[in-house]
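What follows is a pair of complexes built around chain A, which joins chain B in one and chain C in the other.
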Partner chain A sequence: MSGPTPPPGASALPGQQTGGADVRPVGRRRRYSVLTRRDRVTMALMVGIPTVLFISFIWLPTIASIFLSFTNWRGISALTANNFIGLKNYETLFTTYPFFWPAVWHNVLWLVTFVFIATPIGIFIAVLLDREMRGTRIYQSAFFIPVVLSLAIVGFIWEQMYTSQGFINSVLGHTSSNTAIDFLGNPTINIWAVLVAAGWRHVGYVMVLYLAGLKSVDPTLREAASIDGANARQTFFRVVFPVMKPINIVIIVITVIESLRAFDIAYIINRGKNGLELLSILITNNSISEASLIGFGSAIAVVLLVISLVPIVIFLTRTMRGDST
Partner chain B sequence: MAEPTRVDAVSRRTVLKGIAGAAGLVSIPAIIAACSSTTSSSAPSAAASTGASTPPASTAPGASTAVGTVHVGSNHSDPGEKGAMEAINAAFTKDTGIAVVLNTVDHGTFQDQITNYLGGTPDTGYTWFSGFRLKFFADQGFNIPIDDVWAKVKGNFTDGFAQSVVGNDGKVYGIPVDYYPWAVFYRKDVFADKKYTVPATWEEFVALCTKMQADGLTPIAFGDKDGWPAMGTFDILNLRLNGYTFHTDLLAGKAKWTDPKVTKVFEQWAKMIPFQAKDYAGLTWQQAADTLVQKKSGMYLLGLFVSSQFAATKKPEDIAALDFFPFPSLGTEFDAEKALDAPIDTWQIAAKSPNLATETDTAKAYLEYWAKGATQELMFKGQPGLIPTANDANTSSYSDLQKKAVEVVSAAKRITQFLDRDTRSDFAGSNGMQSFLLKFLADPTQDLTKYQASIQAFWDQLPPLV
Partner chain C sequence: MTADAAPVAATAVKVKHHSRFRWQRLFLHVFLIGLALVWLFPILWTLFTALRPYGDTIADGAVSFPKTLNFDNFVTAWTVGDLPKYFVNTLIVAIPGVILTLWISSMLGFIFARFSFRANLLLLMMFTAGNLLPPQVIIVPLYRVYLALPLPVPLSDHGVLYDTYFGIILIHVIFQTGFCTFVLSNYMKTISRELTEAALVDGAGLFTIYSRVILPLCRPALAALAVLEFTFIYNDFFWALILMSTGNKRPITSALNNFQGSFFTDQNVLAAMSFLVAVPTIIVYLVLSKQFVRGLTLGSTKG
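Take a look at the complex of A and B:
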C-alpha cells in the first residue's frame, strides 16, 4: 500500500496538477513533457541555487584543501611552486607528529562508545517509552532536553560538574585539591568524562528518532507476535527491529557522523590537548589559529575526509541499490 | 486506495512560493548581519572572507572628519578595557580632531585570526605583542616602520621597552604601551599570620614550601588547563639557570632543546612539583587564583593580572592583601640579570590596510598619542593589571602593588616576553609546547633525554617560516 494510484493520463508525481500539461501536436515529434515552462524554471532554480551554493562553499573548498595538503603554505605570502612539497605533510603526520595517532585513537574510541553504548541505550529507552505508560511524555522531555542544548553548552555544563571544585567531587567528598578526582586534567580518564557528556546528549537524540520510527510500526505485527507467544524481548529483536530497517540505517549514519564530528566539548574544555586530542581539533589548531599551518592542517583534513567517506559510501551504495523489504 | 483529486484553493505551487518567500524574509537579517561586522567579538577575518568592507561603529559620533579618520583594531574586549578604549579615542578626537573608527575583537579570537586579519583587510592601527611575534610579522611585510614617530617619543621609554619594538632589520615597528610582570604572588595577611618570610634564595623557597605543606596549605597554586601558565615557570627557571641569551636562542631555534642546560631546567622544576596543586591540569588560572584568594594556597607564580581575581571579591581586605616577590635566585651567575617575563603590548600600523594611503598620517598621530603617559593612564584605569610603559605616566595613583611592579621591572636588566610571544606560534600552541609541558608535569621522573628529543623533533618537523 504505497499511496493513491494516480488516475491514468496524469504525471508520475502524485498530487501534481495536470492542468498545464504541455501537449504538442502529433506532427512535431517533441517529447511529451508534463512540466510547464514555469515548472522547469522553478525546478531549475530550486535545485540549481542550492547546488551552486553547495559546490562553491563545500566542494570547491574541499578540492582546494586536497590540493593544499600537498603544500606547506601558510596563507601569508602568495602560493608559489616552492610551497609544493608532495607527500611530505602526510609522511610527517603518520610518523613524527606526536598528536596524530592519539587523536585517531580518541576518534575511534568515540565511535566505538557511541555505536556500542550510547546508541543502544537510546534505543532501549525508546523501546521502554513506547509502551504508553504513565508519564511517558515527561520522561521523553527529560531525555530530550540535552539535545536542545548546543554541544558548547553541554561542554560548559559538564565542565562545571567535573572540575576539582565542582559538583561531582563535592558529592563524593573530595574537596581538597589533593584528593579530588581530576576528571578534566587526568589524560587517562578525561576522554571518558567527555564521552559521558557527549553520550548524555546523544542518547536523547537517538531516543527521539527511534520513538518516531517505533510509532510507525504496524501494530498488527506486534499482535501477531504476541499471539504466537513471543515475549517482549523476542518481539523486539525478531519482529520490530527488522521492520525498522530504514530507521536503523539512519541511526547508524547519525551515530557515525556524530562521532567523526566530535569537536565542541573537547575544544571547550581545553582546546584538545592532554588526552583530548581529536582530528577535528588538530585541524583547527593547525589551520585556523595564529600558527596558520594551512598545508599541514589540510593534510589532516583530507585524512578525516577519507575516514568519513567510508561510511557515507557504504550508506549510499546500500540505499541506491534500493535494498529494503 | 485512490483519492479523488482535490481542487484546492491553495495549490502546491502556492505553498512552495510561500515557503520560498518566508525563507527569504527570514534570511535577510541573517545576510545583513553576516555582511556587516559588529563592534565586538566578530573575527576580523570575516571582513576578508565575505569580501565586503565592514563598517565598524564609530566611537566618535558627530566628530568632525575635517582632519581625517583612522581605523583601529583592538583586542581589548574585556568590559573595563573596552570602556577605556572608548575614553581614549574620545580624548584623541578632542585633541586632534581626527575621528577614530574602533573595531573591537574578542581577545583570544583576535590572536587566532591575526594572520588572516593582517593579510586581508586589516584596520590601519592595531594592537599586538612585541618580541618574536612582532619581528615575525614585520618580516612578512605586514607592518610599516614607524621610525619617524619613534624619534619623537623615544625619550619617554626605557631601554628595555625600546628594545622590545625593534624588528630584525633594526627598524621600529610599534609603540610599547603596557606591560605586566610575572612574579610570585602571595597574601600578606597569611604570611603575617603564619610567620612566613619572603624567600630570597631557592633554599629558602623550598623550606617555605615545606612549612606551608605542614600547615595544610597548598604551597604553590597552579592551574594549567589552558596550557600556557606552565610556560611562565619554564621561562623563569631557564632565565635564572641559563641566562637571557640562552633562553632567547633556545626559543629562536638557535640552541637545541636537547641541550643539557635544558635538562637542568626540568630537573629543577621536578623539585617544585611535589609542592604544586595536584589538580592543576583541570583548573584554569582563575580557579587557581581563587585558591590563593581563599587562603587555600600559599603562593602563585603568575602575571600581575592575577589582581583581577582579587578585585572581583570587592572586599578591600582581600584586595589590600595581595603582594608579590620576584622569583628567588638560584645561585647562578645569571641571578644578577634579574630577568623576568614582562610581556609588553604594542600598537602597530598594518601595511595591508585598505585605507593606508589616506590614513598613514592619522595612524602615526594615533600611535604618537598612545606614547603619552596620560593616554596609557586611561587604559590603566580600566585594567589595573596593565601598567603604562611611558616614563611620564603619573604614578601617584598607583597602588603599592603597582609601584612595586614598576620598581621590579625597572630593576630588571633583561626582560623577556613570555614563551609563546618569544617563539614561533606553531611551536607554542595547544598541540605544541603546551602539550609538551603538560606531559612533563604529568611525569617529571620520565626519561628527560627522550622527552627533550621529542620536543626537538617537533621543532624540526615544523615547515619553514616564510
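Take a look at the complex of A and C:
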C-alpha cells in the first residue's frame, strides 16, 4: 500500500501522549479524521458485506417466519392475500395439535435436567479439579471428551448402552429382546434415556467453563476466607460462588440455549416421534417434508423464537454492558 | 509420615495435619479416577463392542470376556459405510468454512474493537444474537430461499443454492461469524490502541493495519477459534441434513442419518462406525486441548 498523504489531524496527535483524561475526547475525535477516503471505503466493505449477508440470511428469515406464521401457505402456488388466516395456526397449535404440548413438556424437562442436574455436576467436578494436584489435566480431558462429540454421534454411542444387546440390558440379564427394556422405543422412558446421554455431554461443557472462571477468582479472597476460619464448603458457597456471578449467568444462558436447540440426538434416534417430540423437530417435520405445512411450521418457529429471546436478551445485556461504558 | 519425623510437639501436629491432608488427596484421586472411568465408559464400551466379532457377542452375551478382538468390524464399517467419501465431504465444507469465518469475523472484530461508533455495539449485538438463535427458527424461510436462489452450474447441479457445498459453507460462515466476531473483538480490545494509532500516523491504510499489525497479534485467538470452529462444523448435523438432499454429498455427521436403522448388518459394525466418526474430534481435542479450551472460554470470560 502506498502511503497516503499525512492526514491533517496527525499533527495534533502528540497531544494525546500527554495522556490526561481531559485530552481523550479530543484525541478520539481526531483519530477519525486520520482516516483517508480509501480507509473509509475499506471500513464500509469490511463491515457492510458481512452485515448484508447476515441480515439477509438470519434476520430476514426470522422476520419471514413471523410473517409466514399467519398464513396457510404450502409453498406450491404463489403467496396471495387469500393465504392469510390470522391466528388460526396458533389456535390449532395450542388446542388441537397433539404433539405441541408434549414437545413443550420435553423441552422443559430438558431444560430442568440440564439446569438442576447436569450443570451442578459440572460445577462440582470443576471445583474438585480446581487445585494444585497431579493429573488434573487428565481428569479434565476425560470429562471433556464427550463435549467434542456431536449430539448425533452421542446418540449412536449411547445406543450401544441402551439396545436389547446393549450394556445395560446385558448387565441386568435381559438377553432376549422380549424381556429387554426398550430404552429408546418406550415412549415413557426414552426421553430420560436421551437426557442421560445429552446431560453426559453437557456436564463436561459446564465443567470447562466453570474451571476457567474459578482460575480467574482472586486467590486472596480464598486466603482471607480460610484465615477467618471458613471451611471448603463455606468458602465456595459464601465467597467463590457469589464472585462468579458473571460466569454463572453465562452458564445458565448457554444451558437454556442448548436445551432449546436440542435436535440432533432425538432426530437420530427416531426422528423425534413417539415420546421424543421437541419444538425444533416439530418445525422441521411439519414444514420440510411432503406435508409442507409452511405456515403451521412457522408458527412453531415463532413460539421457539419468543422463548429463545429471553436468554438471548439476558446474555446481551449482561455481556455488552461493560462495552458501552 | 511416621512419628520419627516429629521430634517436637509442634512438628507432630503439623505432620498429623499433613497426613490427614494426604488421605484426603488419595480419596479425591480414587473418586476422580472412578468417576472419569464411568464418564468414559460409553465410549470404551463402544470400542470394546467394535473390536469383537458379532458371533461372540451373540454366543457369550454382550458382557463377557472376549475370545477374539480384531479390527474386522472397523474394516467393514469403513468400506460398507463408504466412510472416506463422507470424511472428504466434511473437509470440503470445513476447510473453506473455517478460513472464511475467521477472515470475515476478524475484519468485523477489528472494526468493532478499534472504532467506537455507536452503530458498532448495535451490529455486534445483532451478530451475537443471531448466532444464539436456534437454527430451526429460521429454517423454514431459509429452506425456501435456498430452493429459489440461483447458483451457476459448476457450483450447483440444479442451478440453485439448495443441495450445494457452497450453500452449506455459506450458512456455516454466516452462523458462526457472530461467535467469532464476539470473541475476536474482545481479544483485540486488549491490544494497545497506540499500535494502531502509530501505524495510522505513519500513513498505513486501514487494511494494512488490519492485516500486518492486528492479525499477527491475534494468532493465539485465531488458532483457538480455528480448532473450535473446525469441530463445530465437523459436528454439524442440522444444516447439511435439511439444506442438502443428496445423501452422498453430505458431510459425515449429517450422513449418520443415512446409517440409522438396518444400514449395517449388526450392532458391532455400527459400534465400529460410531467410534470411527467420533475419533477425529477426540484426536483434535487431545492434540490441541489448550487451543480448544481457550477458544471456548474466550467467549465466556472475555479474555
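Assorted remarks:
As a convention for this text, the second predicted complex is superposed on the first by the 264 of 325 C-alpha atoms of A that agree within 3 Å, B and C clash if a C-alpha of one lies under 4 Å from a C-alpha of the other, contacts with A are read in each partner's own complex, and residues count from 1 in each chain.
In this section, contacts are C-beta pairs under 8 Å (C-beta built on N, C-alpha and C of every residue); 3 or more make two chains touch, one makes a residue touch a chain.
Treat the numbers as computed from the prediction; the structure is a model and nothing was measured.
In the superposition on chain A, contact of A:Thr42 is made with both chain B and chain C. Of the two partner chains placed by the overlay, only chain C lies in contact with A:Leu305; chain B stays clear of it. In the superposition on chain A, A:Thr163 contacts both chain B and chain C. Contact comparison for chain A: of chain B and chain C, C touches the greater number of residues. In the superposition on chain A, no contact is made by A:Val112 with either chain B or chain C.
Using the contact criterion defined above for the overlaid structures, shared-chain residue A:Ala224 touches neither chain B nor chain C, since it reaches no partner.
Of the two partner chains placed by the overlay, neither chain B nor chain C lies in contact with A:Leu87.
By the touch criterion defined above, A:Val52 reaches neither chain B nor chain C. With both structures placed on the common chain, the touch criterion links A:Lys273 to chain B but leaves chain C unconnected.
When both complexes are overlaid on chain A, the residue A:Gly75 reaches chain B and chain C alike. With the contact threshold set out at the top, residues 1, 4-7, 10, 16, 42, 46, 75, 163, 165, 281, 288 of chain A are in contact with chain B in one structure and with chain C in the other. By the touch rule above, chain C contacts chain A in their complex via residues 25, 28-29, 31-33, 35-37, 39-40, 42-43, 45-46, 49, 57-58, 61-63, 104-105, 107-108, 110-111, 115-116, 121, 123-130, 132-145, 170-171, 174-175, 177-178, 197, 200-208, 210, 231, 234-238, 241-242, 253-254, 256-257, 260, 267, 270-271, 273-274, 277-278, 281-282, 284-286, 289, 292-293, 296-297, 300-302. Every residue of chain A that touches chain B in the complex is listed here, in rising order: 1, 4-7, 10, 15-17, 42, 46, 72, 74-77, 85, 92, 96-99, 162-165, 177-178, 180, 182-187, 190, 269-274, 277, 281-282, 285-286, 288-293, 295-296.
For chain A in complex with chain C, the residues that touch the partner chain are 1, 3-7, 10, 13, 16, 28, 31-32, 34-36, 38-39, 42-43, 46-47, 49-51, 53-55, 57-62, 64-65, 68, 75, 125, 128-129, 133-135, 137-139, 141-146, 148-153, 156-161, 163, 165-167, 169-171, 175, 197, 200, 204-205, 208-209, 212-213, 216, 246-247, 250-251, 254, 257, 260-261, 263-264, 267-268, 279-281, 283-284, 287-288, 294, 297-298, 301, 304-305, 308, 311-312, 315-316, 319-320, 322-324.
Contact residues on chain B toward chain A in their complex (touch as defined above): 1-3, 5, 11-13, 16, 20, 111-116, 119, 140, 218, 224-227, 277-283, 287, 291, 296, 424-426, 429-432, 434-435, 438-439, 442, 454, 457-458, 461-464, 466.
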